[in-house]
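Some structures to go through are shown next.
Across the two complexes that follow, chain A remains constant while its partner is chain B and subsequently chain C.
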Partner chain A sequence: MQIDLKDLCFGYKDEFCLKDISLQISQGESIAIMGLNGSGKTTLLNLLAGLIKPSSGEVLSDGMSIHKDKKAIREYWAKIGYLLQLSERMVFSSTVKKEIEYSLKARNFKKDIRQDLISKAINLAGVDSKHMERHPMTLSGGELRKVEIASVLSYNPELILFDEPLAGLDLDSRMNFYRLLDEIKGKCSVVMVTHDASSALRMNRLIVLENGRIKYDGDSSVILNNDIYCEIGIEINELISINAILKARGIDYEDSLREVLNEI
Partner chain B sequence: MKDISLSVKRGEFHVILGANGSGKSTLLKLLSKLLVPDGGTVETKGSVGIAFQNPDDQFVYSRLIDDVSFGPINNGLNPSEISIQVKEALSITSLLDKENRNVDTLSGGEKERAALAGVLALDPDVLILDEVLSMQDEKSKREYINLLLKLKERGKTIVLVTHDSSEAAYADYVHILKEGCLIYSGKRREALSDIKRLKSANIAPPKTVLYAQALTNRGVSFAFIPTTVEEFEEALCK
Partner chain C sequence: MKSKFMPSAVLLSYFVVIASLIISRGIAIKLFLLAIILILSLKIVGKGILKSIRSVSLFAIIIFLMNAFLYSSTNPMFTFGIFNLTEEGIKQGFHVSYVIVSISLLTALILSYLEDKEVADGFVSLLYPLKYLRLPIGEIAMIFTLVFRFITIIKKESEEIINADKIRSAGGARAKGFFLSILIPIFVSSFRRADNLSLAMEARGYKTTVVKRASLRKSDYKIIALSFAVLAVTLSWRFVNGT
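Right, the complex of A and B next:
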């Protein structure tokens, strides 16, 4: 599935949250979206998910507007997965199994294939199978996030949207999520909103938003290049300051930085 | 929780570090007496204010100034005192110019400061903060930590609970929780520079510490293990 955003604007009343956004997402691409709080990251995901309609401009899936009619948006929704920010606060069902099955039922998957899809999804997301009959709210935050990830993965979406999937997760859960990213890489497109340089580096492409506009769109490895990273102004990051200190002392830092970002 | 002993003195900044499910929030509830321990005692001197993980959980009014005034009004202060304490709370959290805004229209970082303003308006001696920075960009995080340091200077006692070791970089003392037990309690630098111990508790070590280690492995020498950017420059041998 190829997604095209064409001259997208979105605003509440006359205040624009996003302005003149044009970009293409090819099948299998992985994209990190960064930017300060309030720069429009979540709004962009909501537009990509078709949950809100743009004030002007279009979202095209394989050349066709996703909002053309009811059928178009339903078909689009069947093909995408969206892990909302703090998704574990939005639990629907009374057991972990039902929670994962919910998204399959909603997409009319037959009962005989649902079990197989659930098993695959919990393996991929790292959900412990002994939790299947527990009430989701009795799990820890990290475990519950995995359940929500499994529910998004279960129906093999072609495009997955993650909003801050690592917020509040501990080291093991992070590592588990990175393994998952490696597994799905290339098989579906991934768009991930994050504040975290380590996760962004694991994506191929980086988009930086500033005040609702695209400030940078290119290779994610710029995270390792202090001059560009600084200029993009993603965040006042401790790493930027350290890189600058090292550069001033003439110490080559890129390998060490890569090692740090790969470790956490 | 098992056999937890710790003491926090007036005017100190403590961080309780722990992974998901390590018992951080339980410990925090015990400290703030929202839970009663099965064994042992919790003694506090002075008033306690708590900020929860999600700021939306603690707003009661939609207009910011009404929300911040809610606590002092309910404590029965007289109007002139209320007005002084509310202004003071909004001023220290840099929200004075937003006092008439609807809290829903504030950004994430502003909401977290607004929730803190609501707590500060009660002028508590002790601030207990639960993962109040989990979704902030680095800039807002830094601003919030600076705000905490300012409050500490004014004599407030602060206990911050988090899983993010970088938030502990400016604390006086750090307590590391693992499966309901304290595996370390002590000075901040010792707590944060032990990569092995942090990892054993399923906590990501600070990037600064990992960076110093990666450079050490490549022959760069450090006088000590730096846990903050300021220390990094100081520790880097010429």
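Right, the complex of A and C next:
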């Protein structure tokens, strides 16, 4: 699925929170969206998800406007996954299994196929299979986030949108998420709003927003060799800070650092 | 939006006009009151306010039909089983439906004019005289304020939950009849917030809110006087027409 955002503006009257956004998201591409609070990151994600309509411009999925009619937007929603910030608020089922199964039932997957897809999704998201009959509310925040990720992954969406997926997670859960990103990268398109430089580095492309406009759109490795992170309010990883300091002193070990980050 | 009038004055006028709507009798005065509300609404809010009529119209029609056919009377115009179509029923049904539509229109007008916090502050100021009856107005004021703040927060969270569910269920739970996927997260989120709030209040050493008397301005007295004038006209009309 190829997504095109054409001259997108969003706002009310003369106050725009997003202005002149044009982007192309190719099949399998992974993009990190960064920027200061209020720069329009979540609004851009909501526009990409088709949850809000742009004031002007359009969002195209494989060349067709996602807001063409009700059928078009439902077909689009069936192909994408969206993990909210604090996604555990969405939990409503009595067991973890039912929680994951919800999206599959809504997409009319048959029972025998559902079981297979759930098994694959929990393996990918790292959900302990012993938890399947537990009530989701009895799980920890990190475990619950994995359940919601499994729920999104279960139906193999072509595009996954993450809104600050690492908010409130401890180091262990973060590491699990990094592994998951490495696993799904290339299999589907990923767009992730984040303040975390390590997860942004795992994406192919970085988009930085400032006051509702695109300030930077390019390779994510810019984080390693540029002091752009100071301007855009990225949560600086210690390794990256060290790299920046050493680079300023004329010592460049960027490639080694990238290898180390990929090994974590 | 900074209101031109004090919230307490707006709310007092709101209640006085509601009283006028309820006691109004006769088609002419009813149309007169509705026309005033409609003109004010369209001028202040715009055509968008008509949506509030659309949302209550089905409810108003049901109430009208129930009154028209279930009102007990000795001389029905038409009888079918337990249903009696009576003139009194039609009048009563029209009045109740009229009051429902008018109040919803007026409420939409007030809520678009005042911010949630102003509505809460207005209610709290209106409670001030109850202090002399030794009622715990500090506690009541806190309840009002919390309820109105909660409405805004829960509304925002509900929108987020409904939006996210549209993608999870590929079209919206409502369209597919899965109401629980929306209702449970909203309830859980509300209770969790209430729990956190009570803990936060305890931790900060909550004390009863001090309710202050509202200091009204000239423009506030004008709007209150105008609403009482409407009430006086409605009462006079009722008295003159002997209804």
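The definition used in the following text is that the second predicted complex is superposed on the first by the 223 of 264 C-alpha atoms of A that agree within 3 Å, B and C clash if a C-alpha of one lies under 4 Å from a C-alpha of the other, contacts with A are read in each partner's own complex, and residues count from 1 in each chain.
We take it that a contact is a pair of C-beta atoms (placed from the backbone, for glycine too) under 8 Å apart; a residue touches a chain by one contact, two chains touch by 3 or more.
Keep in mind the model is a prediction, meaning the values are calculated, not measured.
Engineer: Should A:15 be classified as contacting the first partner (chain B), the second (chain C), both, or neither?
Structural biologist: In the superposed model, A:15 contacts neither chain B nor chain C.
Engineer: After superposition on the shared chain, which partner residues are touched by A:164: those of chain B (first), chain C (second), both, or neither?
Structural biologist: A:164 sits against chain B, while chain C stays out of touch.
Engineer: After superposition on the shared chain, which partner residues are touched by A:82: those of chain B (first), chain C (second), both, or neither?
Structural biologist: second
Engineer: Should A:37 be classified as contacting the first partner (chain B), the second (chain C), both, or neither?
Structural biologist: First partner only.
Engineer: Of the partners chain B and chain C, which touch A:182 in the superposed model: first, second, both, neither?
Structural biologist: The answer is neither, since A:182 touches no partner chain.
Engineer: Which partner does A:51 contact after superposing on A: first (chain B), second (chain C), both, neither?
Structural biologist: In the superposition, A:51 touches chain C alone.
Engineer: So, A:112: does it touch chain B (first), chain C (second), both, or neither?
Structural biologist: Neither partner.
Engineer: For the three-chain arrangement built by superposition, which of chain B and chain C touches the greater number of chain A residues?
Structural biologist: B
Engineer: In the superposed arrangement, which partner chain does A:69 touch: chain B (first), chain C (second), both, or neither?
Structural biologist: neither
Engineer: Would you tell me the residues on chain A in contact with chain B in one complex that are also in contact with chain C in the other?
Structural biologist: In the superposed arrangement, which is not itself an observed complex, chain A uses residues 89 for both chain B and chain C.
Engineer: Quick one: which bits of chain A touch chain C in the complex? Just the residue numbers, please.
Structural biologist: Within the complex, chain A contacts chain C at residues 46, 49, 51, 74, 77-78, 80-82, 84, 87, 89-92, 102-103, 106-107, 137, 151-152.
Engineer: If you look only at chain B, which of its residues touch chain A in the complex?
Structural biologist: Interface residues on chain B, with respect to chain A: 19-21, 54, 107-109, 131, 134-140, 142, 163, 166, 199, 202-205, 207-208, 210-211, 214-215, 217-218, 220, 228-229, 232-233, 236.
Engineer: What part of chain A is in contact with chain B in the complex they form?
Structural biologist: Those in contact with chain B are residues 35-38, 85-86, 89, 140-143, 164, 167-174, 195, 235-239, 241-242, 245-246, 249, 251, 253, 255-257, 259-260, 263-264.
Engineer: Quick check on the complex: what are the chain C residues that touch chain A?
Structural biologist: For chain C paired with chain A, touching residues are 157, 160-161, 163-171, 176, 178, 180-185, 188-189.
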